[in-house]
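Below you'll find the structure I mean.
So that you can tell them apart, the chains are marked A, B, C, D, E and F in the order they are listed, and the count of residues begins at 1 in each.
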Amino acid sequence: MAIAMTLLTLALLPFAAALAIAQLHGAPRAVHSGIAGGASAAGLALLASLAAPALGGDVPFVRWDWVPSLGLDLTLMVDPLGWMFGLLILGIGLLVVIFAHSYLYENEDTGRFFASLMLFQGAMLGIVIAGNVLLLLVFWELTSLASFLLIGFWQHKAEARQGARMALAVTGGGGLALIGGMVLLGLIAGSFDLQAILARGDMVRASPLYPLMLGLILLGCFTKSAQFPFHFWLPHAMAAPTPVSVYLHSATMVKAGVFLLARLWPVLAGTELYTVTVTTVGLVTMLLGATVALFRHDLKSILAYSTISQLGMLVMLLGFSLEAAALAAVLHILNHAAFKAALFMSAGIVEHETGTRDIRRLGGLAKAMPVTAGIATLAAASMAGLPPFGGFISKELMLYQTPKLALAGLPWLLPVLATLGATFSVAYSLRFAAHLFAGRPREAGPFARAHDPSPAMWAAPALLTTLAVLLGLVPMLLAAPLVSAVTGAVTGSAPPEVELGLWHGVNLALILSMLAVAGGAVLLSRHAGLLSLWERASLPDAKRMFEITLRLADARVRKALVATHTPSLQRMLLASFAIMILLVIDGALTGGGVLTGTRPGLPANLPAVAAWALLIAATLAVVLESHNRLRALVYVSVIGLVVSLAFAVLSAPDLALTQISVEAVTVLLMLLALNLLPKKPPVISSRMRKTRDAAIAIVGGVLVGGIAWAMLTRDPGPSIAAFHLANAKPGGGGTNVVNVILVDFRAYDTLGEIIVLGIAGLGIFALLETAGTGASGARLRAWRADMPHSPERHPMMLVAASRIILPLTLAVGIYLFLRGHNQPGGGFIAALVVAIAFLVQYLAAGFDWSDARKPFGEHNLIGWGVLVAMATGLGAMALGSPFLTSWFDYFSLPLIGKFELASAMLFDTGVFLTVLGAVMLALAQLSHVATRAARAAEEAEGAP
Amino acid sequence: MSGPASFAELLAAALIVLGAGFALVGSWGLVRLPSLMERLHGPTKASTLGMGAMLVASVVWFQLGEGEWTTHELLISVFLFVTAPISANMIAKVHLHRLRTGEASGGASEPAGPAGSPAPPPGSADWATHEAPHQGTPGDFAGD
Amino acid sequence: MSLADHLPILPVAIPALAAPFALLVMRRRRALAVGIAFFACLAQLAVAMLLMERVSGGTILAYALGAWPAPFGIVLVADRLAALMLVLTAVLALIVLTHAVVTRADRKGWHFHPLFQFQLMGLNGAFLTGDLFNLFVFFEVLLIASYGLMLHGQGPARLKAGVQYVVVNLVGSALFLIALGMLYALTGTLNMADMGLRVRDIAPEDQGLLRIAALLLASVFALKAAVVPLHLWLPRTYAAATPAVAALFAIMTKVGVYSLIRVVPQVFGEGAGAAAWAPAPWLLPAALVSACVGFAGVLTARSLAEQAAYAVIGSTGTLLIAVAGWSGASLGAGLYYLVHSTLAGAALFLVADIAARRRGSFGDAASPGPAFAGRGVAALMFMAGAIATTGLPPLSGFIGKLLILQSVAALPNWGWAWSVILGTTFIGVIGFARAGSAVFWKTAEGSHAPPAPDTRLDLVAPALALACLAVLSAGAGIATAYADAAAAQVLAPADSAAAVLTEGPR
Amino acid sequence: MSYEFLVASAIGVLVAGGIFLALRARTFQVVLGLTLISYAVNLFLFASGRLVLNRPPIWDKAVSEYTDPLPQALVLTAIVITFGMTAFVVILALRSFLETGSDHVDGDRVPCDAQDGLADGLADGEGTEP
Amino acid sequence: MTMSVLEGALAFGFAALGFALAMNLWRLVKGPGVTDRILALDTMVINTIGLIVLSGIAGGSGTAFEAALLLAMVGFVGTVAYAKFLLRGDIIE
Amino acid sequence: MIRRLLPHPGLSALLVMMWMVMVNDLTFGTLFLALVVGVAVPLFTAPWWPGRPKVRFLPACRYAALVLWDIVIANFQVAAIILFKPTRDLRPAWLTVPLELSSPEAITVFAGTISLTPGTVSADVSACGEYLLVHALHAPDPAAEIAKVKARYEARLKEIFP
């Protein structure tokens, strides 16, 4: 339990610190750095408390469920490998915090900085103590995100933003490959638990998916660890504040890839594919990084390329799949962390004090800043692999291993190339120290400002350099037990005996090492000439290529996207129709069956054929004369008429009534709209387009017509309608089965339907209420009728007739409403009839005059209609029945006789009110819209 | 078939033939008469005697054939009688309007029939279609 | 019947009452209308959670409206999936409503609150119904309400986009009716559970028709889900809508997905002869292309809202990759991802609005603008939204994508699915990083900071959305267990049929 | 000729006309197209109950055979919904025309495309070494 | 089987109305003016009412009556609306 | 009170009759409902019918019968014209009928009558309401035609609408 709490605290501490810092965003710098440093120190203490079990083989371990179905558990464990990395992350983290406290200026956003730093620390720590590979992935991607924030900390600088984006793209992208690889790994191994996976190395390597999985995982590792050809992001990440560079590029971020290679060593390593790939990539990276580093001028850039080179070496060592090589890698990880962090900090101090990082402008700084010079020079010597520093030991171990592997069948290739890499390492390391601190100052300006910083700033690099030195002097004391335990953890076997020392006698490694030092010295002495040679060679700039690729991709994709996604309704509909046609054809071809069924047809009489001809002709006329809009509208009315007739003849009186009344309202609506639209706009479709559309239209028509034919010529099976027919009267209290379905069996549909109408009314109101304002209002006021008007507004005969038509039609509406339950009619039709009655009134006598006399508001009709319909449903609930359960009974009164009362009538009243309100609202709003716009403008003018 | 039924049948049949005949004649008039104002006379037949006869046939048939009184068919006639003149009036107004504006603009948006264009009424006022009615004139109770 | 027995109707009844009440009081007492709206949303959330609690054990609640037994009347069916969608809708509604009220978006036009409640009613109704025609009706309710909301505030871009949105959906509705007509003609029923039983008896010579109906119906749902190439309506519609509305619309495409999940296994499952799983072969390719197109849009979008709109397409595509597996595991993964992607999409639209509200004339264009008030917080929120949408850890998108990757690994085309899921994530990361750094990091030269916004409360709603995502991530164990159970229930239509088709009260 | 043929062919012709018009470039024609399609759809849905003469679904003691009432109820609902939608789209089209001065369905370039010009400002002058 | 008188009359009626509709169609398409087309539509509505009445008689059911009644009302509204449109543009002022 | 309850008694009577005819059912219940409708609807629609023309009931009935008879006769006459008279023999004419009626209702009934009887169509009223423009399908003698309609219909209408 104590272990569990320790592990949990360890994992959460950095995040808690990040949160706390973010919360105290406005507090002084010291608070931020204090929290960060305190958290790091506390983490170190916790880690120290775990040292004994972790290194002793009794791995502290804890597991909680998170997403069991995924295999993603919160498993934390600190094995030697994790412990060592944790030490680096927290230790160097603490030093970075101390350094950054002095490095950052007071006016900078230290809250954001330290919060991001702690977030990063937490993510990094998570990677190394995760005991579940999916959990590891979580932290892995989190480091990419946190580093994005850190690299982009100076967001006002273009290079910072670019560098951050590039780092995110490369490492985050690699992380995605890693996700694929890790999931595959888990699926192959049958578990996502790290320890379980590590125990199943043979099984994994035997899987046919091993190469794919390996490729994906290596992609993740290589991108993170800046291996060729993904190395280019790293130098550009130097746009970050120096403490960030220290942290990310000495001990943490870039080491994550190396860590993962080490972590998965028992599962991945050992195959030829693995060995060749990893070794080659590491070797190439090492050479490339070392070479480029020699010719950079920015201090941090030099260090960045050196980091690439050193990472290449580590990757190469792990690629060997040999225990001794792994040991060398482990040791070098420690060395590199120490000297590289010290060097980055030194570079930061130099920049901080001189205002530049350009090595060409600096020189002779040893006089002005002796402490810094001492620190940096010692660290550079370790980097160069000079004795008696730590770097020497690990480099020699590396060179010792190189002959054991024959690349491309050539046993000498690896030693030679590795030595070459070492030579360049020596050269750039020496250059860093020599050009910076020795000689005379090259420019006066920076030199004049230069002086050693306060101890607070150099303490951290000093400590690190001391470590780097001690790692060379007393390796057995300082490193051997740790290296032994970690190597055991890496290889998954017993910890090996470790013999670390500066002197192993004269062997090949020593010779190669000497050669490298000598060669490095030569290279440095010829540096000026080599530099001019280098600068003349035009080498591909990976970053530039990355940017160009991205830019090109963006341009191409954007172009394609814009081309295909222009907001074209024609295209949308074309796509829709084409897809539907395809699907219908697919269904028809693969589904089987016959077109014509066996149901006998109903012989049609002459008027049926005539009406059919009318419909066909009218449809053709609409299509052919659609640009003559009024005429097209007349033809549409004809179609509506024929459809109504069809319903009337084919035993659907309710449908006929509905269609007829809807038709009338639709015509009114269209005419109202048409008034403000062009009446005969020019035709703009090309002939080609028309032909294409016609082809699609015909195919679509034939298909739907064919389906209708197939359907109509088949006998229906048993239908639920039999129940409706049988129960309409006894159960629903009405003889008009259609109406009983509407207000009882499927009243819920009807409720939805009236709400649709109500919403349409509201939407139309919302649309038109603002028509008088803005561009629309201006256009309406400027609108001139495009056809001559008769001056007479209200024809006398029409007005006089409307006075009697209104009451007569209302009576018909009431009649249709009351009888709807038993005969054709009902609330909806009645509402339309009543609406038509009022519309005739509006037509004849004008809107204002008629509307002023109307005792109801359309909004209220809609609102109350829905409420009444709802109340009918809820009433049933109050009586203990389901929503919308109907009730009816027969009563009898003297004189009047027997009559029926039914809850369905109340529901129908709701339908009536809503429909009336919606229809009236739509048409009333649309009418005299131009007049209203003018009136609104007048009022607006008159108001101020 | 029994006696009354066959009488009803005969009566209904006669009325149907009469009604449908007038409807046909009306539509035939629509086709053959020379201009809009003449054609406007056609539908009046269909909507008055044509419909009337068929509706009476329906009343007769349901009463004598099926034994139930159905009177509501007559209501259709009432509606037709109220609305048909208004429809005709409105179409005629459109004709007059288009005739006048066509003449004014020189183009023939509506051909005049054999009767030509109507002369303006005696006095100062024009036909209502061409002139906004003055205060106190019939159609003016409403509106404005 | 006690009130508890009426639970399934309440998600529809509450907004259906709230909307007219809000309408009736809106003109004079706005505050009251807002109060009604909030109360209704809270009540819906409470009811949805209660329902979820009731069905989480595996019970399927069937509510026979009008006491007419299924299949003769309309039944509401509340199972795990329905309850999940209801909770999601209610949560989203609360977030969006908060944003609309806080930013006063609800005052930019007429009838926001009634339309909003009607929209919720349509959504809830669609999720609850067990009847295919009723599904059509509620589709229409939610569509017409969405037209109103989409046009809320108006302006030329919105109106132009609105015409296209409406027309495309009208065509979709027409096709829905054709498919419905065919299905009724063939099966004689409208109840989905009953239809699932009756398709077994369809004669071989009629199965071609059934297959056509299945494909047409699926394509209607695909249109709503904005599956490529039926997605063309979405980018402009969503980008043009008021951001609060666009955030609500994040669930609209999910209605299409929901319907596919609901209808295909139940009606066109194993027993459907030639129509069995008919849409399946079309779905995976379409889903893959959708994910690619959507994230290509994310990469190249020129405004944050446009980016969010394309992200909706992309994540729907990703979601359908899972759905196209039609296995318990993949459907469960899909359901988890559905919840996640809805909230993530909403969060993106809301964050885009924060930027737009504060950058003055620069709006939410994905290009440098002025340094504005609250930029840091907005940047963080954008980053969180982007992380969620692309599927990076630690937010739920990552878990969702891992679930999908794992669940489709057993399918024959897993290579394609994996490549697309991982590849689109990569593209998305780049796209969001670019847009985000341009808007939240880079400052346009010579641009002056616009006046601070009238309220800082506009940060609340996106924060809420992101908090929901965090909860969804932290509680992923429970959530995925529920999603898996819901998927299993969906894929066992016989159980649902047994629950729905028992004799009703009459 | 049977009623079935008349109805089926009418549906086909209406659909064809509707599709053609819906693919035109102006809102009014598109609305006309949608109207034609909705006629066809209503007829189609109605036809799912098959065609029956003189058997309206009005319950009567003396009658035992009726046409299928359910499709009629569905069509009724569909007509009403279609009407609401048509009204909305007509007014939306008009309103859009008034606001933008164009009744082309595809309209002018919208803001999010107009921002293409801003695209160059999107990234930080990428491709140049800082 | 011989045709009864009524059936004969109905057959004549249907045929007459069918021809009438066809003639209306001719006028509708031919025009020449939009006025003629509106008139043709108006006549068509009346002939359709006749058809519905006749089919009511033929089918022996009275349910077609409401359709005819409504058509009589609505046909008028349509004609007036078209006319008002041509006269004034704005049909509801 | 009665006047307030029955703003248009004639209309109420018409509605009651119409209701009975429409419902097609001669029972007390129906009559009761008819009376309710007959009172309620005119009350509701009264605001839209501002004037209150007096109508004499009996002459109105006689007038209706006369018009019905004329419609039947004229239908046959006009059918003969349409069917058998060649277009060249047709003498269409515009008739300007001076009006003695003044209330819009009366003029409308007069114009309606002229339109309903085949052969003549009322086309327009003068802006001041003094003349009625009538189109005749075949009017070799326009003056006689004008005199006929004035004598046969307008004179009677003057009695009905005093």
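As a working rule, a contact is a pair of C-beta atoms (placed from the backbone, for glycine too) under 8 Å apart; a residue touches a chain by one contact, two chains touch by 3 or more.
This structure is a prediction, so every number in the text was calculated from the model and none was measured.
Undergrad: If each step moves to a chain the current one touches, what is the fewest number of steps from chain C to chain E?
TA: Shortest path length, in steps: 2.
Undergrad: Identify the chains adjacent to both chain A and chain C in the sense defined at the top.
TA: Intersection of chain A and chain C contact lists gives D.
Undergrad: Look at all chain centres (mean of CA atoms) and spot the one farthest from the centre of chain A.
TA: Following the centroid criterion, the farthest chain would be F.
Undergrad: Of the chain pairs D-E and A-E, which one is connected by the greater count of C-beta contacts?
TA: A-E
Undergrad: Centre to centre, using CA atoms, which chain is the farthest one from chain D?
TA: Here the answer is chain F, farthest from chain D.
Undergrad: Between chain B and chain C, what distance separates the C-alpha centroids? Give it in angstrom.
TA: About 56 Å, centre to centre.
Undergrad: Please work out the Cα centroid separation of chain A and chain D, and write it as a whole number of Å.
TA: About 34 Å separates the centre of chain A from that of chain D.
Undergrad: Distance-wise, how many Å sit between the C-alpha centres of chain B and chain E, to the nearest whole number?
TA: 12
Undergrad: So which bits of chain A are touching at least two other chains?
TA: 158, 161, 550, 558, 567-569, 573, 577, 609, 647, 649, 653, 674, 704, 707, 711, 716, 719-721, 724, 745-746, 749, 753, 756, 759-760, 763, 767, 775, 790, 792-793, 795-801, 804, 808, 812, 823-824, 845-846, 850
Undergrad: Taking each residue of chain E in turn, which ones touch at least two of the other chains?
TA: In chain E, 14, 17, 19, 21, 24, 38, 55, 60, 63, 69, 73, 80, 84, 86-87, 93 touch at least two other chains.
Undergrad: Could you say which residues in chain B touch two or more other chains, in rising order?
TA: If we look for residues of chain B contacting two or more partner chains, we find 26, 28, 40, 42, 70, 72, 75, 78-79, 82-86, 89-90, 93, 95, 97, 128-133, 137-139, 141-143.
Undergrad: When you check every pair of chains, which ones turn out to touch?
TA: A-B, A-C, A-D, A-E, A-F, B-E, B-F, C-D, D-E
Undergrad: Report the residues of chain B in contact with chain E in the complex, numbered from low to high.
TA: It comes out as residues 1, 6, 9-10, 12-14, 16-17, 19-21, 23-24, 26-28, 30-31, 36, 39-40, 42-43, 46-47, 50-51, 54-55, 57-58, 61-62, 66, 70, 72-73, 75-76, 79-80, 83-84, 86-87, 90-91, 93-95, 97-98, 109-111, 129, 143.
Undergrad: Given the complex with chain A, which residues does chain B contribute to the contact?
TA: Per the stated touch rule, the residues are 78-79, 82-83, 85-86, 89-90, 93, 97, 101, 104-105, 128-133, 137-144.
Undergrad: For the complex, give me every residue of chain F touching chain A.
TA: 11, 14-15, 18-19, 22-23, 27-29, 32-33, 37, 41-42, 44-45, 47-49, 104-105, 107-108, 111-112, 122, 125, 127, 129
Undergrad: For chain E, which residues are in contact with chain B within the complex?
TA: 4-6, 8-10, 12-14, 16-17, 19-21, 23-24, 26-27, 32-33, 35-36, 38-40, 42-43, 46-47, 49-50, 53-54, 56-57, 60, 62, 65, 68-69, 72-73, 75-76, 79-80, 83-84, 86-87, 93
Undergrad: Chain D touches which residues of chain C in the complex?
TA: Spelled out, the residues of chain C in touch with chain D are 133, 137, 140, 144, 147, 151, 154-157, 159-164, 166-167, 170-171, 173-174, 177-178, 180-182, 184-185, 190, 235-236, 239-240, 301-303, 305-306, 365-368, 434-435, 437-438, 442, 444.
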